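Scrolling down, you'll hit the structures one after another.
Okay, so subunit A shows up in both of these, paired with subunit B first and subunit C after.
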Partner chain A sequence: MNDMRKRHMKQIQTYAFAVKEAVLYLDTHPEDKTALAYFDKYRKLLREATRTYEEHYGPITADGTDTSRGWAWVLEPWPWELDAN
Partner chain B sequence: MKVKSENYTPRERVNREMLDRMLAENAREEAYEQRPLPHFSATTYPSMTTGACPCRDQKTYRRQSGECHPKCQDTREYRCDHSADNRQSECKKDYVCQSPVYPGVSLAMVYSPCQSFDNLYDPEIGIDRGTIFKELDKPFMPTPCNERWCR
Partner chain C sequence: MWIYEKKLQYPVKIKNPNAALAKIIISQLGGPDGELAASTRYLSQRFSMPYREVAGILTDVGTEELAHVEMISTILYQLTRNLTPEEIKKSGFDTYFVDHTTGIYPVAAAGVPFDAKYIGVKGDVFADLNEDLAAEQKARVTYDNLLRLIDDPDVCDPIRFLREREIVHYQRFGDALRISQDKMDEKNFYGWNPSFDKKVH
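The block that comes next holds the complex of A and B.
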């Protein structure tokens, strides 16, 4: 996996983490406006980062597959194929 | 599931019956705290020179008239001392019983202050620390063992 791709993936993981934290907080503070805004912001960033990553490098999850060329999901390296990942 | 805006705190979600039971329990505990204390004297409890102090929460222990420590002439107030160098319970005038941690705060109850959505790390740091909340960043730092405390 090249450097650019790694950095992009790291960015996605960072946004996903922020979203997860906001979710846990909001579960106990459902009316907190600051937290809701934070959640909206990072969810949006997460979705965009995921979309652009998947456009360039292929699907991260099976439902992110672009089906215009068939089931590309199984054409990607499997997680244990470390050299390719 | 939609959350009703008028009952979103844990307290508000507790139904009336349960709340009444909890309040009754609190009242019983309060009454127990205020109960009159038994006598302590060197003749009845010889181990009191090194044992627990009968005073709690900065209240003084008032002896009923009658028994008193043999050395003590003053029968008005029996105070105890929790200082490190003197753990004896004797009739002394200026010692006051201290709750070890927070004076006035009831023992054996859990306090959970409400968290607020501030003091946040940037997400890049947060993912590294395991939390985006600075106040929850409490790494475990075991101290080295010394002879006395390791058994």
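The block that comes next holds the complex of A and C.
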């Protein structure tokens, strides 16, 4: 993976972390308006970053595969590979 | 159901293989307080939870634990790449290698295979949530012990991330316990099991 791609992946991981934290908090505070707004903000950023990554580099979910470039799902590195990090 | 996301929750990039470290870190995959036990425990307990908030936290923490199984497995995979037979013998990894080569198999540090005895499902919201609170603290202590034994910053970094998550999960399970206690009948606190008994007034 090139450096730009790794930077994009790091950005996705950062947004996904914020979303995950909000999800766990909201499970036990489902009426908390500040937490709901925080969740909305980072969910939007995560969705945009994921869409851009999938357009430029490759799928995050099998569902996000652009089939015009073949079945990239198995042609790109898996997350445990050194080169994917 | 679940959908796989082709990314780690937090990056793992270990420059130097080190089988001796893999031999101890593997306890957080297949040991008594490891990530496999955590995910199995929470994803099993949620079915008998009487409150949707509590079923929610068990579902979402249990799912995150699957991502931690993947991170620990990635650490093990990267630590055991390109090993020579001499390195395997010298590191003490030979006792694992003889049965599993460098495949990822869930065992504790002393070699005991993963066992469902490491988890509890009592079918009672208070018994189960108190088990979960203890489980998060035990996992945190295991990570503290690992950090005392590891001096490679590439390995310490993801281990510190995982340690922090145990503390956050402990907080969230504490919230779940408070919610559950608030819903109890104060005149008859532990007199009935909301997961099983029909409430009579």
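Keep in mind that, in the parts below, the second predicted complex is superposed on the first by the 74 of 85 C-alpha atoms of A that agree within 3 Å, B and C clash if a C-alpha of one lies under 4 Å from a C-alpha of the other, contacts with A are read in each partner's own complex, and residues count from 1 in each chain.
Note that a contact is a pair of C-beta atoms (placed from the backbone, for glycine too) under 8 Å apart; a residue touches a chain by one contact, two chains touch by 3 or more.
Because the structure is predicted, anything quoted here is derived from the model rather than measured.
When the shared chain is aligned, subunit C comes close enough to touch A:82, but subunit B does not.
The wider contact with subunit A, measured as residues touched, comes from C rather than the other of subunit B and subunit C.
Contacts of A:31 after superposition: subunit B is touched, whereas subunit C is not reached. Residue contacts after overlaying the shared chain place A:61 against subunit C, while subunit B stays out of touching range. Once the two complexes are laid over each other on the shared chain, residue contacts for A:13 go to subunit B and to subunit C alike. By the touch criterion defined above, A:3 reaches neither subunit B nor subunit C.
When both complexes are overlaid on chain A, the residue A:42 reaches subunit B alone and has no touch with subunit C.
When the two complexes are laid over each other on chain A, subunit A has residues 13, 17, 21, 25, 28-30 in contact with both subunit B and subunit C.
Listing the residues of subunit A that touch subunit C in their complex gives 9-10, 12-13, 16-17, 20-21, 23-25, 27-30, 58-63, 73, 76, 78-80, 82, 84-85. Subunit C contributes residues 3-14, 53, 56-57, 60-61, 64, 70, 73-74, 77-78, 81, 168-169, 172, 175-176, 179 to its touches with subunit A in the complex. Residues 3, 5, 8, 115, 117-118, 120, 123-124, 126-127, 131-133 of subunit B are the ones that touch subunit A when the two sit in their complex. Of all the residues in subunit A, the ones that touch subunit B in their complex are 13-15, 17-18, 21, 25, 28-32, 34-35, 38, 42.
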